[in-house]
Structure formats: C-alpha cells, structure tokens
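All chains are identified by letter, namely A, B, C and D, in their written order; residue positions are counted from 1 within each chain.
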Amino acid sequence: MDLYEHQGKELFARFGIATTEGRVAFTPAEARAAAEELGGGRVVVKAQVLTGGRGKAGGVKVADSPADAEAKAAGILGLDIKGHITRRVWVEKAVSIAKEYYFSITFDRGAKAPLFMLSTMGGMDIEAVAVDHPEALARLHLDPAIGLKPFFVRRLLFAAGVPKPEHVGVGEIIARCDTMFREMDAMLLEVNPLIITAEGAAIAADAKVTIDGNALYRHADVEAMRDAAAEDPQERMARERDVTYVKLDGTVGILGNGAGLVMSTLDVVDQVGGSPANFLDVGGGADAAKIVTALEVILSDPKVKAILFNIFGGITRCDEVAKGILAALDQLTIAVPIVVRLDGTNDVEGRRLLSEAAPPNVYPERTMLDAAKRVVALAGGR
Amino acid sequence: MDLYEHQGKELFARFGIATTEGRVAFTPAEARAAAEELGGGRVVVKAQVLTGGRGKAGGVKVADSPADAEAKAAGILGLDIKGHITRRVWVEKAVSIAKEYYFSITFDRGAKAPLFMLSTMGGMDIEAVAVDHPEALARLHLDPAIGLKPFFVRRLLFAAGVPKPEHVGVGEIIARCDTMFREMDAMLLEVNPLIITAEGAAIAADAKVTIDGNALYRHADVEAMRDAAAEDPQERMARERDVTYVKLDGTVGILGNGAGLVMSTLDVVDQVGGSPANFLDVGGGADAAKIVTALEVILSDPKVKAILFNIFGGITRCDEVAKGILAALDQLTIAVPIVVRLDGTNDVEGRRLLSEAAPPNVYPERTMLDAAKRVVALAGGR
Amino acid sequence: MAILVTEQTRLVVQGITGREGTFHTLRNRDYGTTVVAGVTPGKGGSDVDGIPVFDTVADAVRETGANTSMVFVPPRFAADAMFEAADAGIGLIVCIAEGIPAHEMLAVYTYLRPRGIRLLGPNCPGALSPGRANVGIIPAQVFAQGGVGLVSRSGTLTYQIGAELAQSGLGNSTIVGIGGDPVVGTSFIDALELFEADEQTELIVIVGEIGGNEEEKAADYIAAHVTKPVFAYIAGFTAPPGKTMGHAGAIISGSAGTAAAKKEALEAKGVRVGTNPTEVAELVTAHVGR
Amino acid sequence: MAILVTEQTRLVVQGITGREGTFHTLRNRDYGTTVVAGVTPGKGGSDVDGIPVFDTVADAVRETGANTSMVFVPPRFAADAMFEAADAGIGLIVCIAEGIPAHEMLAVYTYLRPRGIRLLGPNCPGALSPGRANVGIIPAQVFAQGGVGLVSRSGTLTYQIGAELAQSGLGNSTIVGIGGDPVVGTSFIDALELFEADEQTELIVIVGEIGGNEEEKAADYIAAHVTKPVFAYIAGFTAPPGKTMGHAGAIISGSAGTAAAKKEALEAKGVRVGTNPTEVAELVTAHVGR
C-alpha cells in the first residue's frame, strides 16, 4: 500500500526522523489556515498524489503568505497529474536549502536483503543519476543477519562522499529510517530530497513510503490511512472482497486461480485473437461464495462481453467453483456467456455438477486453448 | 555484578514482569512504615543478602501486622547469613501460593547460547531437583540467531508439564524475562519460586539477577545499585582502580599480568611451600600508575610479608612495570621485600631500569620458578 | 531418484488439525507419502486418522524421525512454525501458507540459508515426485513418472504445463513449485542444481513469469552449470507495464522483468522458450521425439 | 605450514591509529607479517609508517586484498568492528580487544560461526607462527620455529610455557591464544583440528585453566580425532572454590571445572598433564628425547 507524502511524514515524525513541519489541507481555505498555524511565513504547497513528477506538472508551489497559500492551493487542488486528480495538498514551512541529497531503502527481492541507496545528487530523477553518474549513487545491501550497525552507516556515508560534518545528521536519518522500514513492514522508503539546510542540519523533505499489504493486519493505523476515494471502484471492490483484480481495456472477462495461470490465460486469449478485460485471481482455496463475489467484480465492468473461467484445482476444489458458478447464476443477473474450464482437484465432481444443472449460457471446455478460442468467439473477437 | 532481590524486582517491574509489591527497609521502623504503606495486612520480611539459603538461616519471616513486621525486621537485620551481614530487608505483600515453579535464564558459555530452565517443582533447591527428578526440569537452549519465538516458549511449557491454563501467564513471564535478560546484559536471571496464586496468576516471587560487568557502562542505573558497603574493602579498592583482585589467606602478595599467569603463579608458590595472600591481575597494557595502584591494594592487606611480581609482557611493557615499581617505592612506604621477574616485551629495558636504580628490598629473578622460591623464602614459608 | 521428496521423506504436518491441513495431509498419505506426524499445540496425544499429533515439532521429530515438514498454519503463525521446524532439526520445510509478511520471511530465509536447511515456498504448491511422494497441494493425478524435471514460480500454471506434457506422453521426475512471493526459500538455480545432479531427470522445464530477475539469473546459471536440455515458459506477455498482477512476483516496470526480456535472456543461453503452455509441451515433445 | 597466520596472511588492522594499535602493528610488520592496510574511519587516505589507512574495511579489502583483520579498537566499538570485517569478506578476525559485553559477543559469534568465518578472541593475544607471521601481541622473541602446536586460553601463561619449551630447545608451528572470555570464536577443539591437519605440527600442547568445560570437551575430541601426541597444562590448582579469578573463564563452583577435574579428564584420554609450566616442558622434552 502506497502512502501519501504527508502520511509518510507522519510516520517519519513518529520514528524521530527529522522532517518538515506541515499540515494537510483539502480546500484552499484549509491551506490558508494551515499556513497561519505554521506561523504565517513562507510555506510550500504540495499536491498529494500517488505518482511522481508532480513538480513538473505544477503541483508544487511556494507561497509567501497565508493568502498566497490559499491561492496556490486553489490552483493545485483538482490538478490532474498523470491521471491522478489532486484532492489534498500538504502545506509545509519552507526551509533554507543548501544541498539536496537522495536516500532510500528498498526491499530487494532478488538479493533478499534491503538495498540502501544514498547520493549527494538528490532532488532530481535518481534513475538519471544512476545512469549518468553511477559513481555518485552509493548502493549497499544490508545483511539482515547483522542488521544496521554503525559500520554500515559509515560505509554508506563514505561511499556517497557525504562530508564528515554531516555524518551525524544524515547517519541519524539513515538509522531511524532503517528502524521504521523494519517496524512498519515497509517495502520502500524514499527520501528525495534529503535536504541539508544552510545551518548544516539534515531534513527529510519528501517521503515516499510503501507498506507490505500482507503486514497491514498489524498496522491498523496505516490501514486507516487508505484513501478509498482515490481507488478505482472495481479494484476497491476486489480488494475488499480479497480477490486480486486488475482492470484492462478488452472485452473478455477472465477469472482463474493463481496469478501465473491467469497471466498465462491472458496471453493465450490474446494469442487467439481476443482482448482481456481484466486480470482476476481468486487465489487458492476459493469457495463458492468467493466465486460469486469475483463474478460480481468482473460484471461491474460494462465492457465485458464474455467470461472465461480457467481453473486448475490444487488447493482450490473444482466442485466448489462449480457450485459458485451455479450460485452466481442464481443470485446475479448474468447476460454474458461464461466459458468454463475445470481441471485438477475434484474436477470430475465439478464438471458433473455443471453438466447436471446444464444452465444456459455456460459453455464447458476441456482444455485451456479450446476454452480461450471459444470465449473469444463468443465475445466477438477483439 | 549481583543484584539484591529488591533490585532485581525493580527491574522486573520495569520490564512488565509480574512480581510482588514491596518496599526496601534499612531499619525496623522503616519496615513497619513499609508494611503500612502496603495496606497494613500480612507481609513477608526478607533478608537482602547476596547469597542463598537465607530461608534456612531465618532470614525470611511472615508478619501479620506493621508492628509484627517491625519486630520481624529487627530479628533479621544484622543476621549473619553465610558470612553476609543483613543490612536491608525487603517487605512485600503476602500472596496466596497455590504452586511454586522454578524459572531461570543462564548465559551458557559452553553452549554459547542462553539456557532456559523451567520446572513445576520450584521453591526448593533446584540442584536437588536436577539430580533427583531430572525429568521435572525442562532445559532448553535458545538459538540466539532465532531469538525468543512463540514456539520456544511453547516447547518449554509443554516440556515442563505446565498445565495449559497457566501457559499465558507463565509464558508472559518467560518472554519478558528474555527481553530483560538481553536488554540488561544479564548473565543470570532466576525466579525461584515463580508462584501460581490460588487465582491462577503467575508471579515472580523472588529475583536473582547478575549483570555483565563489561556492560555496566551502558547501565548507569544498575551501576548505581551497587552496595559498596557490602564489598570487601580491598576488593572494592581494586575494582575502583580497575585491577582484578581476590583476597586469599596467605602471606605472599602476588601480582602478575593475565589471569592465567597469575593463577599459575599461585600454584607454583603453593608448590614450593608458600601461601598466596591474594590473586592480583593488573590486566593487559598496565602503565606505571596502575602498578603503583595495584601495589597499594596488595599492601592494604597486613598479612602480606613479601610480594612477587611475575610479568611476562605481551601488550604489557616491562619497562612500564619497572617504572611503576620504582614510582611505588618512591611514593609508598613499602616495608616488605619485592621479588621481580620480568620477561617479554621490553624486558631488557625493564631489567636495566631496575638494576640501575638498584633499590634495596627489590630482588630480581629470571625465571618464574626461581622467583617463587625466592619470595617464599623471604616470606618465611607458609 | 527424483529430488526433494522421495521414498525417504518422513513428513510432519504443522497445522494438521485445520480443515485444509487435514484434507491435504490425507491426500498426500493416500498418494503414498510417508506421513509420520502432525503438530498442533495443545492437541498432543490425539491423532488425525491414525497420524499421531504432537504439541511441538521437536516432540514429533524425536518420536517419529520426521525429516520434512509441511507448514499449513495461518500466515501470521507461519514464520514461527518454520523457525520451530528448523530448530527441531527438520531438513526440508515446505510452506504452503501464503500472505506472510515479507520482512518475516526475510528473517526466516536469512536464518535457514547459511545453515543448509531447505525451504520450499512460502505460497507454493509443494513438490511432487510421481510414484514416490507428494508433499503439498499439487493434484497428483495430472502427472506421471518420467524424466522431465519441472520447476515453477506459479502453482496452477505448473499443473497446466504438467497436464500438457502428460497429454504428450511425458512424465516427470519431480515437479517443484518454488512460490511467487518476494522472498522464497528455493530459487530456480537451486532447483536446477538438484535436477542436474539427479539421475532420473533427463531434461528440465522452468516456468517463469514477469517480474524480478530470477529467470535471467537462471539463464546465466544454465549456461555455466547445466548440461541437460532446458526448456522454459514465461507467463505475462500481455501484462501491461506498471501493474501488479497477483502475487508480488508479478510486478513489472519499464522493460526489465518483462516476459519478452526474460524470453530473450533465456534463448540467448540456448534455452528454448514457449509462449503458451501448449507450445512449450510441443517443444519438449519434439526434442524427445528426435 | 603452520595454521591461521602464515606467509599467505594479508593483514588489515582496525584501530591502527590508536596508540596500542600502531605499536603492535609495526611490531607485527617488523616480524615479517604482511601488513597491507589499516582502518580508522575519517582517516582514510593517510598512512601509518607507510601502511595505507582506509575509512572502511571494505575499502581496505578492495584496494589491498586483505584477508585477515586484527581488531584493536576500544571494547564498545569492537563488536561493530568484527561485523564490519566479516561483512567485508575477511576470513580470519583476530580480536585483541577485551572487555566486550558477553551478549554482544554472542551476537558476533552466532553470525560468524555458520558462515565459516574464523574468529580468534576476543581478549586474546593473537596467533604467532614463528618465522612466518605474527598477528597480535605475542612477544615473538620468546618463540622459535618448530613442531610444537601450542594453544591456550591465557595470554601471558602461553608466553611462559613457550619460554620454558624454548629453553628446552623446542620450537613451535603456531602459538594460538584463544582468549578467556565467556564467548570466544575459536575453541580448543577448533585449534586441535587445525593442528592435527597441519604437517609442520608434530605434537600439541594445550594450556587450560579452571572454569567451564572446554578442556573436558577437548579431551573427548582428542580421544576421537587426534593422532598426534597431546600434552596439557592446567592453571588454578590452588584457586579457592566460588571465587572469580580474573577473566570470566576462571569461575569455579563445586568440583566441576576444577583444575584437578580437568587434569583427570585429560589424563583419562591419554593426555599427559603438567601441574606447572616447568613440568609440562619437561614432559614434552622427555617425549621428544625418546
């Protein structure tokens, strides 16, 4: 789950990471009030969107007074930044910037270790730095069996060429970010820029934080930060019902068990001339009720002209899937044809249930390829 | 560093370990006031001494009223328990005891892991339980690379045969004791008895805690608990001056560098007919000032009739030792003869310094055996 | 002789008394797997259809000589269960449970790896050596004994490939589902190493998907260390960039980690890659028929 | 060929710019040890009598190929220094520093052991292979090259024994001080295993002391695995029970761990034990003279 900058900074403050002081605002008037609460001086008004590039898009403005903050917020709220509509801004005290650094911790699945990156060339696109000035980007994997020790922070600071007088301040941010990264189950924690003020202090001036969805059960406070309004309605429905759904642009609704099989099904549908309307993985061990729910999610997309069930049961039992299809036909108004391919655990029983009920508009197929061809034909091609 | 029961319980409370409520008292009147503060009901008055067996010695008494607590404290204060004079008592609320268990964590240097021991046969001498009912004493080493996980606590509870309804309460004590053991750098943490009350609650009813002396620099609060008055004056002087000193009963003062070499010197002095007055290890890299200090410690024992310096320099430099001896002769009034054996790093220079100064009453020897024979002769035998 | 699970497997099931645990344990036993014990704290002394249940894995190992554990507990207890198995001397842990926080898995992995304790999963279907043993949830009826070693990041996709191979008359030495989570215990490379050393395995099929760079690393390993023929299938050619498809394994951003890039990397090292399950089965069949 | 420190040793000294660090580094180099680098954070780019100083061990390893580290930093920074050395790829760490908290050492030991990284110490004098290399604080002039492998829990007592052997005309393959702290990286058994495999070593002398049961475990190991003659000396026959004598190694309580009990355990396995340094030298001389 991705956090807004202001939410990330709320966590920064909790872990003692030096950051900017600010307030979140949903209206221009709130932005003015926030600027007043912050002392009435110069502030920065920043669009809160879950995407990058907001600076270039005009989503970050300096304001010299509360009235100016109100005006700047009015210009930013509602702004479309790469398809994300700005619905909130963060108003923070302006700080004197002497230098801009970059710091991040990424959960590196390939190396099976957190990757720490630090650069004195911050504030800009770090991927460009990595390409154009690779020597300016210090990259170090932390051995989780050792954990963050002083030597590791020193290596990072020396490798990035941070001047010695700044080691304490920047090192403190690194160490506290490590604590937050672990304790909050973060998958990404990025500070860009990490500012060195004119007085030599280190401050985390931006916050990009992603929390592991599997760990949210123990971070109710983070779960509560979720901005349901910003989510795609179908994807929200899917999440709330615990199925994995990604909306695509085509006409063939696809439901399967297991991410790999569903991806493969998308490929095959594409190869035989169809266009997938979605990716939907019901996961392992789905029962009938979950199948009903998943069908509801698919059907909420009006572009769907036909649906393909591609189930290869392992922990999922085909008889449960068949029951779910029959229950859905019973409970929902389903106008589109459904092609069903059942294989694996309890497949014989599942196929028997379907053939006995013999509902109209349900087309059983025995192989994945045949099922894909059939559903594309029913959907009327691409 | 060993802690008194009441100090251990202070730490227990800090780590949320359920323990008895009480007050420390240095006089019978304070004991009475403590009993009143605790509600005026039944209390237990317990001698605070850094040794076991106080129950048998009459150091633990139940008192029914504050007046009774005062009387019982009067009987306990001043009590000699295995050579330890009782100078403080712990007055605690009496609790209803249904069962007495045993629990401890020991830093097991052989296994290089903490050893957890749990038994439902507590309250008594656990060494006797280990011998007579070994099956009743669950012993488990904790893998430090895993740390305390729920499965480990379960293994311990099941192995010791703790009834299921008590798993939560006893398990909580085990887990919190583990936290304290690590965070306080403990070498031993023993709870005997761990009481199960009539209501089924688990309470740590005694506390025996030893803290790693090498880690005291980060536990100023524990260092402040030290009862300097209860220490041997010479051993205290040695500790404060950072030399390792153990007082023995003989007449030959012994000073060396390195515990092994000093122990060996004791053996050799004994084998050639002498009796060591002490063990004194100046440690590695002692400078002249430390030598003076160490001599002061040895000389504070009036039984010493002669002193043996046995130095084999590695990190310690023999010239520094020689300078220390000469400085001590200068600064202190030394009436006893000193036999000096210098070998190893800078030994030539050290011997030269001594032979040039040629102080009276200082007898150089070239080998450990010769030095031992000489000092025993000078001390007049055993 | 197959790899990982064989006639030597002596299985203990952690979470045996749960609904799924019981169902799949009994299916595994019905298949012929030697299931010696189950573990559910507090149910020690009972049994599941004759399989003795213990309070701790240590008890199960001591009493039954279990050497392999299958973890079927809810995700928030799974890391604890894996540590318990490792601490009790289990040599192979098969973790079916999914939804385990990545940081917990990192701690488990970091502990197991230098100690040589094998972990399959989490969020994996287990391993099946047809005719020998089945540990996990792979539907065994799909697979026949033979010479194809099959290793996959995906569960159900593995069954699909297996079924296609079976229709072509090809059997398997072992089918290994390594799981698609950010941190899994066994990599493609680990499985390739085992298959290369296994006499029964004549050729190897790896089933990958978009995201990460495990397939690319496998390609390098194959070029350097694998003498047996290797085929591959990659899922996700039509996945749009920047979307998370199901498990965390399937994240793509930019060109790296795409199905096309993986296909290219594998083919550069001589691995023949199919673009759908039928095609990979055809490639293998054509090779064997030569 | 000697063990642990040899002509192949390429030494980096952590804490080289401290007073003791500089003194012993230069002594080690004067002896002939290949000292390639020093590390002091913030002093990277400087040198100590021509030895380049780096900010981190990783830099030192990359630039100089260091394979052995000597740790000469204050005790509260020593655990960090050892982790740094291990993380940088150092294979042998020799920790001279003493006074390190036991729990910190436990963490270091637990990390190093399963990864095969050797640690000598802490609170040890290091290792000396006469004529080849000296890493640590052992006064080299006492020892000559020869066939006696010497391993000891005590620093200065080792010098004493070495001096007695030298007076009898006997030299050493390697002198290893394993340290007397509650947690040390190398045990008697580890050293015995290395000496047994070392061609230069003809016989082995172990120097133990009261406390713990390392000598007893060594006795069992010797009976099972060591073919070369082993002699021993134990210090502490006159130590009173229940007193802590110097380092934590020397705690005795009751009969277990006493010098007499250790002597008995060793003699039961055929190890000849002297009760003072002169006697052990006489036993060895008599054996060699046979």
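One rule holds in what follows: a contact is a pair of C-beta atoms (placed from the backbone, for glycine too) under 8 Å apart; a residue touches a chain by one contact, two chains touch by 3 or more.
Everything quoted here is computed from the prediction, not taken from an experiment.
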| item | value |
| --- | --- |
| Comparison of B-D and B-C (more C-beta pairs in contact) | B-D |
| Whole-Å gap separating subunit C and subunit D, where each centre is the average of the chain's CA atoms | 45 |
| Approximate Å spacing (C-alpha centroids) for the pair subunit A, subunit D | 54 |
| Geometric centre distance via CA averages, subunit D-subunit B, whole Å | 27 |
| Multi-chain contact sites of subunit A, meaning residues that touch two or more partners | 143, 145 |
| Interface hub residues of subunit D, defined as touching at least two other chains | 111, 114 |
| Pairwise touch network: line, ring, star, complete, or other | other |
| Which chain pairs touch, all of them | A-C, A-D, B-C, B-D, C-D |
| Subunit D - residues contacting subunit B, complex | 20, 24, 75-76, 96, 98-104, 106-107, 109-111, 114, 125, 137-139, 142, 152-160, 163, 180, 182-183, 207, 209-210, 212-214, 217, 233, 235-240, 243-250, 259, 275-278 |
| Residue ranges of subunit D in contact with subunit A within the complex | 41-42, 44, 55-59, 77, 79-81, 83-84, 86-87, 111 |
| Sites on subunit D touched by subunit C in the complex | 114-115 |
| Subunit A residues within the subunit C interface of the complex | 107, 109-110, 112-113, 143-145, 182, 185, 187, 212, 214-215, 217-218, 244, 246, 248, 256-264, 266-271, 276, 279, 281, 283-285, 311-316, 343-345, 368-369 |
| Of all residues in subunit B, those that touch subunit C in their complex | 143, 145-146, 149-152, 154-155, 158, 164 |
